[in-house]
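Mind having a look at this structure? Questions to follow.
As written, the chain order gives the labels A, B, C and D, with residue 1 at the start of each chain.
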Amino acid sequence: MTMKKVNQIKIGRNVTVNDLVKKFSEIGVMGAGNLGKSADILEMMIKDKDCKVFLGIAGAMVPGGMQNVIIDIIDNKYADVIVTTGAILTHDLVEGLGFDHLQGHSSLNDAELYKKGLVRMYDSLMKSSAYIVLEKFFDKNFNKLKEAKNIREFLSILGKNAPKNTILNACYRNNIPLFCPAISDSGIGLMIWGKIARGMKINIDTFDDMKEILDIAWTSKSSGVFYIGGGVPKNYIQQSMQFSKKAKYGVQITVDVPEYGGSSGASLREGVSWGKLEDKARYVDLKCDATIALPILISALKDRLGNI
Amino acid sequence: MTMKKVNQIKIGRNVTVNDLVKKFSEIGVMGAGNLGKSADILEMMIKDKDCKVFLGIAGAMVPGGMQNVIIDIIDNKYADVIVTTGAILTHDLVEGLGFDHLQGHSSLNDAELYKKGLVRMYDSLMKSSAYIVLEKFFDKNFNKLKEAKNIREFLSILGKNAPKNTILNACYRNNIPLFCPAISDSGIGLMIWGKIARGMKINIDTFDDMKEILDIAWTSKSSGVFYIGGGVPKNYIQQSMQFSKKAKYGVQITVDVPEYGGSSGASLREGVSWGKLEDKARYVDLKCDATIALPILISALKDRLGNI
Amino acid sequence: MTMKKVNQIKIGRNVTVNDLVKKFSEIGVMGAGNLGKSADILEMMIKDKDCKVFLGIAGAMVPGGMQNVIIDIIDNKYADVIVTTGAILTHDLVEGLGFDHLQGHSSLNDAELYKKGLVRMYDSLMKSSAYIVLEKFFDKNFNKLKEAKNIREFLSILGKNAPKNTILNACYRNNIPLFCPAISDSGIGLMIWGKIARGMKINIDTFDDMKEILDIAWTSKSSGVFYIGGGVPKNYIQQSMQFSKKAKYGVQITVDVPEYGGSSGASLREGVSWGKLEDKARYVDLKCDATIALPILISALKDRLGNI
Amino acid sequence: MTMKKVNQIKIGRNVTVNDLVKKFSEIGVMGAGNLGKSADILEMMIKDKDCKVFLGIAGAMVPGGMQNVIIDIIDNKYADVIVTTGAILTHDLVEGLGFDHLQGHSSLNDAELYKKGLVRMYDSLMKSSAYIVLEKFFDKNFNKLKEAKNIREFLSILGKNAPKNTILNACYRNNIPLFCPAISDSGIGLMIWGKIARGMKINIDTFDDMKEILDIAWTSKSSGVFYIGGGVPKNYIQQSMQFSKKAKYGVQITVDVPEYGGSSGASLREGVSWGKLEDKARYVDLKCDATIALPILISALKDRLGNI
């Protein structure tokens, strides 16, 4: 067995992000090495024309300044299918409707924030008046939304009618199927509840769009999975791999760890036992705050991939 | 300000779990202190006749040996409403149908496990043949299940027809409403997909049962929240508090931390800014593996509460 | 390969801690299973008359209420050698000199605490006036302490002159060698600095007592390692195993994880590559707050071991 | 109160690391925001001519490819005082003596690695034959080393005689005082033990160099603290601040969290209660793998600071 050495990297001046990430690949171990490998594997799965990239996104990405980075992923077609949380889509829509998130601090007094109409997500704040504007948006669009029969269709209509600078609209305009199994668990869910509580009718089936994501997984020659955080988005893609074809590539960014047994922290390797991942797949588990790792990876990918 | 001292506890012989937990309350700080407080606050919220207890459960609780502990919570009516994940209900049903989870190890070779028909959840294993038995169960019960119009009804019918030694049946027989917003993200979801993929019809609305959980939250005099892990179960209860009444009591057990901004690791205190938790609420964030903390808390509660 | 099933435990009334821990052993997986195994392996290593138990202790154990639990370990001779941090010995001495730690909260205003003369360790507080009493103690005992030529001797003299209800004195009176390689990194270190800054002389060799710990490791028939937290105490014992005999038993309690590469979070298994641990050793990595796990383990051990 | 908005950053092509870090500053929250702030505060503390920068370094930095990054910090005089662990200095010397670390994997079989003479630090490997070369180095230099009377002097002599491409030599040639309170807890410690076990004499005082670090802290107009990881290096600098002047600037990079009470995970803010940090200090706690964050910060600093 010949082993590669850990390269003790040197940092010069005016280094580009992509150059730094390439140096990280030469380290080959620990966090930096895994960040380097993540870029390499993402590059592979995106370049591989036979491969559909399934992207799962969870966490406070929009309150953490990542909305445009995600929109950029979509506009560059680095992903073919997206699964996310209701919270991300709500934050996304709120930003799109003109409500910036604000820089706060984790030690702010929450009772005072409540009085001031500010809600807190760790050190990021949002005006609670955003819900009023959100409500108006749903008043205006409810009749269109109720045409949907499943969640993917619901989100497609939502995206069509959402402002351009949203993840929702970016998926719509790029024709990227967007899934959100737990859509009721979100501000968007609460808006729909507000309608049905007043007797309005809508019927969005909870199982129906499983056909669509499983069809995509079945019919693609191969698959790559890219998880930003865990939760439902990761697990929903994982189970789609299990019941179709094993993924050929995998990158996950999370700070959750395997030892407590939950799906969010589970190693990608564990997926081999389930038939979710090929034994010979190229994959890496990156332990890093996603708001740090994601812009670095996208910067590297943009330099490597140019216009695909 | 008079301050309580940290009691340097002494351990005798034949100590009961409840006695140890009481000593932990006298420490008053750090992990042990928070475990002590958790028992005290749970005791309060369960004894408070005006209070409805909303229990959220996520994570690998059944592969981790907690199925009967959770059934015990339900049979003792320590919770009035339960929100959980599809994975927990799938593991629960699999155990109920006679498939034990097995003791493995995290360093087992996943490719070999796959060949042997064993799937891995960290160091717990399950025979993949469980899916065959699961499929038969859904073949048999599909016609009943399709009578449901929303997820809560679907789970109620599932519980009625599930074996007695399941969380599903325990909720049914005790008339505890059980919610699972992301039910499609699970083995149960995959079973239903198997049916609709072959043209069978079922229509389970994804938003409809929000009315029920929000009605319970609105009509109860006060609420307590008890989170075992984070994910959708925690967030779904949190948003129900936000759009009804603030919780008066709160206990959460998780190893996730707030610094990364996600909902799972968010401190309960953050909920004050959202109007999810009363500023004067009694609450505690316990950082502990739930498979350790939960049996300890239930043991203490059984000794303290007797038959309610 | 026959596999043990994960026992779905049931909790009765008036359960003793030891009974609960035995049930945890029957789970066999995840956190609870590892806590069960920890008790079983500690029982083995303590009962094994040929085995010397090397105990490493780090973290805020005394501010967290664990002082008497640790003293109990020493008085019951569950450990043959102890390595710890200067902070633990400082907190220990401060408690022994009559300064209780106090119950605070992590959200207290630190600038106000400073004005009030209270120092904070997460949610535990200590009066900063403790340093005055500590200084008097070292004024009184400096002439004795300067007789020591290495750190172990220094701590032995300190223990002889410390109040009875201290870890320091318990080690002295039970003739348990106590090591603290980073003694200068502590309030005790600062007290000695206060003397030498005023021209007083003391010469405590930093390498000299390595002979003693390595001699114990070499001359014992076998060794067991028990780590409460990581840091220097763990690593110092680990390197003593590496340069003598591999440990036969190992238990570590920590919430640190291996992925970041540091010694504190390193798995015990990694020690096999170093020759620190026998390949066939009985060992377990327990991810748990030590202020929760330790009293549980000691309670179980007292019931199992009686008077040794 | 006017609040800054969270900037939703956009990533262009050929972005330099420094430009990305500036964008992170405009996010202002979560991990990316804290990385941005870390660069800004480090820039301030290094530019401030009245400020001495105290750098603490712990963790597997050299097996993780960071040796030259740290040497670059020293050669650029970004730090005035360094405190580190014996492990880092051992890995540093081993690399300097020609032993590369090697790229392995965390799932390698440790019993086989042992047979092959490879020791593992998570996924980084080292040949155990490095200890033979290390021993020769100490044979050759022991007579010089025994001239030292305290640990700082010992490390200065070690640095003078170490290969040029080491942290040890870089500190020596740049006249940066290097401290390592737990030097006996390391391969270097074991080498010295090897000598004294064979009757050779050396007397390195464990408390003596506290005078030097505290004198530097007392006599500087102001101080900045920069912690890469926790452990003894962080705590030793923290206590030096406590007994001299409060730090005016602070940056810490760690994945440890405060909730378990240990010093490594303690928030910098907690230091305000101790008088270790000014209430008005500029400081930030960055939760990130240091092998990722450090090269990014150094890249940004090199572009911002040029030749100082």
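One rule holds in what follows: a residue touches a chain if its C-beta (ideal position, glycine included) is under 8 Å from a C-beta of that chain, and two chains touch if they have at least 3 such contacts.
Just so it is clear, the structure is predicted and the values come from calculations on it, not from any experiment.
Colleague: Look at both sides of the chain A and chain B contact and report whether the same residue positions are involved, with over half shared, or different ones.
Modeller: Chain A and chain B contact each other through largely matching residue numbers.
Colleague: Measuring centre to centre, with centres taken as mean CA positions, what chain is farthest from chain A?
Modeller: C
Colleague: Just curious, how far off is chain C from chain B if you go by their C-alpha centres, in Å?
Modeller: 34
Colleague: Measure off the straight-line distance from the CA centroid of chain C to the CA centroid of chain D, and report it in whole Å.
Modeller: So the centroids are 25 Å from each other.
Colleague: With chain centres taken as the means of their Cα atoms, state the distance from chain A to chain C in Å.
Modeller: The mean C-alpha positions of chain A and chain C differ by 42 Å.
Colleague: Would you mind listing the residues of chain B that make contact with two or more other chains?
Modeller: 29-31, 60, 63-64, 107, 122-124, 255, 259-261, 269, 287, 289-291
Colleague: Report the residues of chain C in contact with chain D in the complex, numbered from low to high.
Modeller: 58-60, 63-64, 87, 106, 108, 110-111, 113-114, 118-124, 128, 151, 181-187, 189-190, 192-193, 196-197, 202-208, 210-211, 214, 229, 231-232, 235-236, 239, 242-243, 255-256, 258-264, 266, 269-275, 279, 289-291
Colleague: So in the complex, which bits of chain D are touching chain B?
Modeller: Residues 29-31, 107, 257, 259-261, 285, 287 of chain D touch chain B in their complex.
Colleague: Of all residues in chain D, which touch chain A in the complex?
Modeller: By the definition above, chain D touches chain A via 3-18, 20, 23-24, 26-33, 35, 60, 62-69, 72, 95, 100-104, 107, 122-125, 255, 269, 287-293, 295-296, 298-299, 302-303.
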